[in-house]
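Next, two complexes with subunit A in common: one pairs it with subunit B, the other with subunit C.
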Partner chain A sequence: MKNLIQKLVESIGPSGYESAVREIVRDEVAPFAEEIRIDALGNLIVRKGSKTKSGMRLMLAAHLDEIGLIATHIDENGFIRFSTLGGVRPNNCPGGRVRFMNGVEGVIGIERLENPDRPFSIEQLYIDVGAASRQDCPIKVGEVAAFYRPMLDLGGRIAAKSMDDRIGVAVLVESLRQLKKTPHEIYFVFSVQEEVGLRGATTAAFALDPDLGLAVDVTLTGDTPKGVKMEVALGKGPAIKVRDGKMLSDPRLVQYLIETAEKAKGPYQLEILEGGTTDASVIQITRAGIPSGCISIPCRYVHSPSEMVDYNDVQNAVKLLVTVLSNPIHLG
Partner chain B sequence: MIEITPFLKKMLSLPGLSGYETPIRDLIAETWRPLVNELAVSRLGSLHGLRRGEGADPRPRLLISAHMDAIGLMVTGIVEGFLRITQIGGVDDRILPGQPVVVHGRQVLPGVVVKPPDYLLPPNKATRTVPLQYLLVDVGFPPEEVNQLVRPGDLISFGQEPFELSGEALAGHSLDNRASVAALTVCLDELQHLRHTWDLWAVATVQEEETLGGAFTSPFEIQPHLVVAVDVTFAKGPGSNDHNTFPLGKGITLGWGPNIHPALFNAFKDLAERLEIPFTMEAMPRHSGTDAYAMQVIASGYPSMVVSIPLRYMHTPVEMVSLKDIYRAGRILAEFIARLEPDFLKKFTWED
Partner chain C sequence: MATREQTYSQNPKIGPDQIKLLEKLSNACAVSGDEGEVRAIVLEELKSSPSEIQIDALGNVLVTCKAKKKNPLRVMLAAHMDEVGFMITEKDEGGLCRFDLVGGIDVRYLAGKTVLIGRKHTCAVIGAKPIHLTTEEERKQAFSLDSLRIDLGSGGNDGVKVGDRAAFATTFQQSGPSLMGKALDDRLGVATLIELVRNAPPDIELLAAFTVQEEVGARGARVAAYTMNPDIAIAIDSTPAQDLPSWDDTENTRYNTRLGQGPAIYVADSGTLSDPRLIRFLAETAEKHNIPYQFRQPGAGGTDASQIHKQREGIPSISISVPGRYPHTPLMIARLDDWQNTLALMHAALQTISPDLLKRPR
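So, the complex of A and B:
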């Protein structure tokens, strides 16, 4: 599975520009899918199974897109000013390397700060692609880029840009591969534009009108020096989301996931995330309402170019998801 | 006749935090069952009560929502037997220390919100209001037992019992928005001896305090022609300003702004004047802060209205309302329904 993860995190797909990642995923799922389609927004929707008497119509969602940058101005010396696609934090930028969709790479520089103690903003940063002038610059206004660096395999743990949410994409692909038999009609939705307002999942959920929604995405952890106060830690298993900044998971689904994890003797943690959300929050309020929840992969340094996950957590998330998908789901 | 005060006090004594409304929904369902023709529960847990009108089929439909969920707390972690907490909905943390609470773990545990002594707090947090992240809940048990009985994600509801005050005032937690559920119940009760042509869908919605989840979904299922949200608004109190607070016990408010259809506002205003129900126009320049904000833009959109009951000490465990205002809100809703003519929508134009 590490090869798949590497392929996914080393490709580029900022919100709205997911084509390259979508092609990789399409090739990966093709041998296992019963139906593949791409909708108007660019969501890749993959069906497996048909609804039996004891089954449901399920929507699973992991987003293809990652946070990125968009060129807004090229100055006469060839420096590129940029704006952000999604939640890029200024303090994760200086010194970072980026790659544009056309393959051009560059580094992020920062203006000299009048007062180094004050926080700085995106407006004080620029991208240097080595151009000597505006005419020489291979990038035009409107071109998009993402952070770029190779995956770092630390053994038990792996770090890369765009673990959010390529790791969720990898979990869905691997679960689809391992899933032998299911009573459900399952739609694996590889969604677009999550980082700019959960937009792909909004329309996919409306179109699919599922009985149940489940997102697979990353969550923060509280296990780093002077980090956020949070119980979730790397290596203690996939996290079953109780709530996040914009969603209260369906309590019946939370209970079902807990019972399933316990029955399978797999590790799990309970997640209470105080800011941020996932595709599940918009699935939940689609149409007349869809009971929804989320299985999260604990991840350090989210929205930085070095997001870190624990490989065991990833494998255990696949195990939990495959168990859930293989059996009838009972909401108490 | 439904005895509203005991019903309301019973509602205030039950949990039913946002996302976890089952206990409060069961009580409302039991109370509404004799007052409606049909009762159903939505996929997210909102309660839908239908009172059929006498008009010819297909009848137009009016949806009135009052959210039944309440604000409260949730366990985020356990530190040496004390519970770290976060909020469900917007809790006013200035008055949390010292409040009795109920922790819904593997068993129900009484507890109290405690504030660490100043010398244990970061210097800039000492001697002032302590942010929620530094507050703890103490349930009395030693750490080993707490670890067995409580886990992250467990709910904590406020523990105070409601109490009546002089001048027909009632205080308690969750009056936002169970005062409005009571008003909607008054409305259903009045309709027992009023005739109406429209169908009425009385809806007790879920998750208003967090996501407006009920308001986003129930109208999609019911497909009404008009929607009304009943909620609470800020009553005048010590130190409050004059321009966006409303006197307690002196009448309801009728919302006005982009979230409200002007013709619907006018219909309510005319009716209140005719019935001599005291009211104030409440300017809602942006988000009305109610279910109406979501309901207005569901499907192809619905004309919407907001009727509010003034309430003091919003989002504290001692919210206060006047029973008189609850009855007024219930009465104007019932009279509005009774007077809805079959062709009301035809007269309902933007030229008005």
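So, the complex of A and C:
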């Protein structure tokens, strides 16, 4: 599974420009899918199983896109000004390396700060692709880039850009691969444009109109020096989301996931996330309402170029998900 | 009355009639939620058009121009009828009114501006303490909205009531290459869309939405797109041109768009990531027809497309704007040639757009 993760995190797919990642996933799922389609916004929708008497119509969602940068101006000396696609934080940028969709790579520089104690903004940063002038610059206004660097395998833990949410994508792909039999009609949705406002999942949920929605995405952890106050930690198992900034998980689904994890003797933790949300929040309020929840992969340094997850958490998330999908789901 | 076959081959032009229509649209008052005046003009202009016209529950004017062939591509175009303005929230004594903002307006622009209230266009002024009575310290501070009043000078017997809208009282005019008026955001789009309906191409089903409540969150477009459920959507709007020189002569890197450089094609704003196939298609069409165009700098802002693309099962969308200086103030300046080129690009695009576009790689 590490090979799959590496392939996914080392591909480039900022919001709205997910084609390369979508093609990788499509090739991976093809041998196991009963139906594959790409919808109007670019969501990759993969079906497995048909609804039986004891089954449900399920929508699983992991997003293909990652945060990125978009060129707004090429100045006369060939430096590229940019704005962001999704939640790129300025302090994660200087010194970073980026790759544009056309393969051009560059580094992020910063203007001299009048007052180094004050926070700086994206407007004070620029990308240097080694061009000497505007005419020489291989990038035009509107071209899109993402952070770029190879995956770092630390043994038990792995770090890479776009672990948010390629790790969720990997969990869905691996679960599909391992799933032998299911009473459910399952739609694995590899969604687009999550980082800019959950847009792909919004329309996919409308189209599929499922009985139950479940996102697989990353969540923050509280286990780093002077970090956020939070229960979740790396290595303690997949996190079952109870609440985040925009969603209260369906309590019956939370309970069912807890019981399933305990029965399977798999580790799990409960997640309460103060800010941020996932595709599940828009699935939940689609049409007449859809019971929804989320299995989260704990992740340090989210939205930085080095997002870190624990490999055991990832495998245990697959185990939990495969168990859930293999059996009838009872919401109490 | 011209039929569609007769007009199809002609390229629509902005002539005196179109400018007169824009003048009428600009001078009309249609603050979000009270778009009746502009709606009436749109309906009057399209009276003789062979299209189907419907007014929906929120007040959108929805126009369907049927294709001459089977299973055509269904293309939605949206231009919003509403403008930013004010709402009377409380009547104090003697014709003084408290008011709130409708849509995005910078309060620093307001003191001393004249406004027109309600359907009778009652004239009034946004009053503030005059220079005779202010201290130097006070003059360094911006007025807060709470401290401003709309003064009718009426003594109170004026027929104005709480909930009435007020718009900037600006009269449209032409100045050399420029068009000057209030609410050109988005009456330029409305006027463009009227011309496109009159010159609708036969191969596609053209779905024209004259929308309400865009300035308060693209609310009209949201329900219009749900109703129309098109294959593709294009919002025709107006976007700021902040292309003035920097005060310290450094390079202006944040102009958004520039006057005179042609229609602004959107790649990304806060509300929408344009479908890459549509970006390429519009740019290619412009190049093929030698129509100047520019990419709007990706950044903040949003159009009707922000709601349209998320409706139902998803609708590939893009926006195109006529650039203008000082939008959301009493007076915007736009260039006649940018408007002409926007109309030309849209017309050319609608003639060649086909379902194959959606089969291209993204």
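To be clear about the criterion, the second predicted complex is superposed on the first by the 332 of 332 C-alpha atoms of A that agree within 3 Å, B and C clash if a C-alpha of one lies under 4 Å from a C-alpha of the other, contacts with A are read in each partner's own complex, and residues count from 1 in each chain.
Going forward, a contact is a pair of C-beta atoms (placed from the backbone, for glycine too) under 8 Å apart; a residue touches a chain by one contact, two chains touch by 3 or more.
From a predicted model like this one, the values you see are computed outputs, not experimental measurements.
**Q** Evaluate whether subunit B and subunit C can sit on subunit A together after superposition, giving fit or clash.
**A** Because the two structures are overlaid on the shared chain, the partners are seen to fit without clashing.
**Q** Between subunit B and subunit C, whom does A:G142 touch in the aligned arrangement: first, second, both, or neither?
**A** Only subunit C; A:G142 stays clear of subunit B.
**Q** Is A:V242 touching anything from subunit B or subunit C once the two structures are fitted on A? First, second, both or neither.
**A** In the superposed model, A:V242 contacts subunit B only, not subunit C.
**Q** Regarding the shared-chain residue A:A288, is it in contact with subunit B (first), subunit C (second), both, or neither?
**A** first
**Q** Looking at A:R37, would you say it contacts subunit B, subunit C, both, or neither? Reply first, second, both or neither.
**A** neither
**Q** A:K263 in the overlay: touching subunit B, subunit C, both, or neither? Say first, second, both or neither.
**A** In the superposed model, A:K263 contacts neither subunit B nor subunit C.
**Q** With both complexes overlaid on chain A, what's the closest CA-to-CA approach of subunit B to subunit C, in Å?
**A** For subunit B and subunit C in the superposition, the minimum C-alpha gap reads 5 Å.
**Q** Under the definition above, what is the set of subunit A residues touching subunit C in their complex?
**A** 15-17, 19, 39-43, 70-73, 75-76, 81, 83, 85, 123, 140-142, 193, 196, 199-200, 202-204, 206-207
**Q** Which subunit A residues qualify as touching subunit B in the complex?
**A** 222, 229-231, 242-243, 246-251, 254, 270-272, 274, 281, 284-291
**Q** State the interface residues of subunit C toward subunit A in the complex, per the touch definition above.
**A** Residues in contact with subunit A: 231, 251, 253-254, 267-268, 273-274, 276, 279, 295, 297-299, 309-316, 358, 361-362.
**Q** Write out the stretch or stretches of subunit B touching subunit A in their complex.
**A** 18-20, 42-44, 46, 74-77, 84, 86, 88, 133, 151-153, 207, 210-214, 216-218, 220-221
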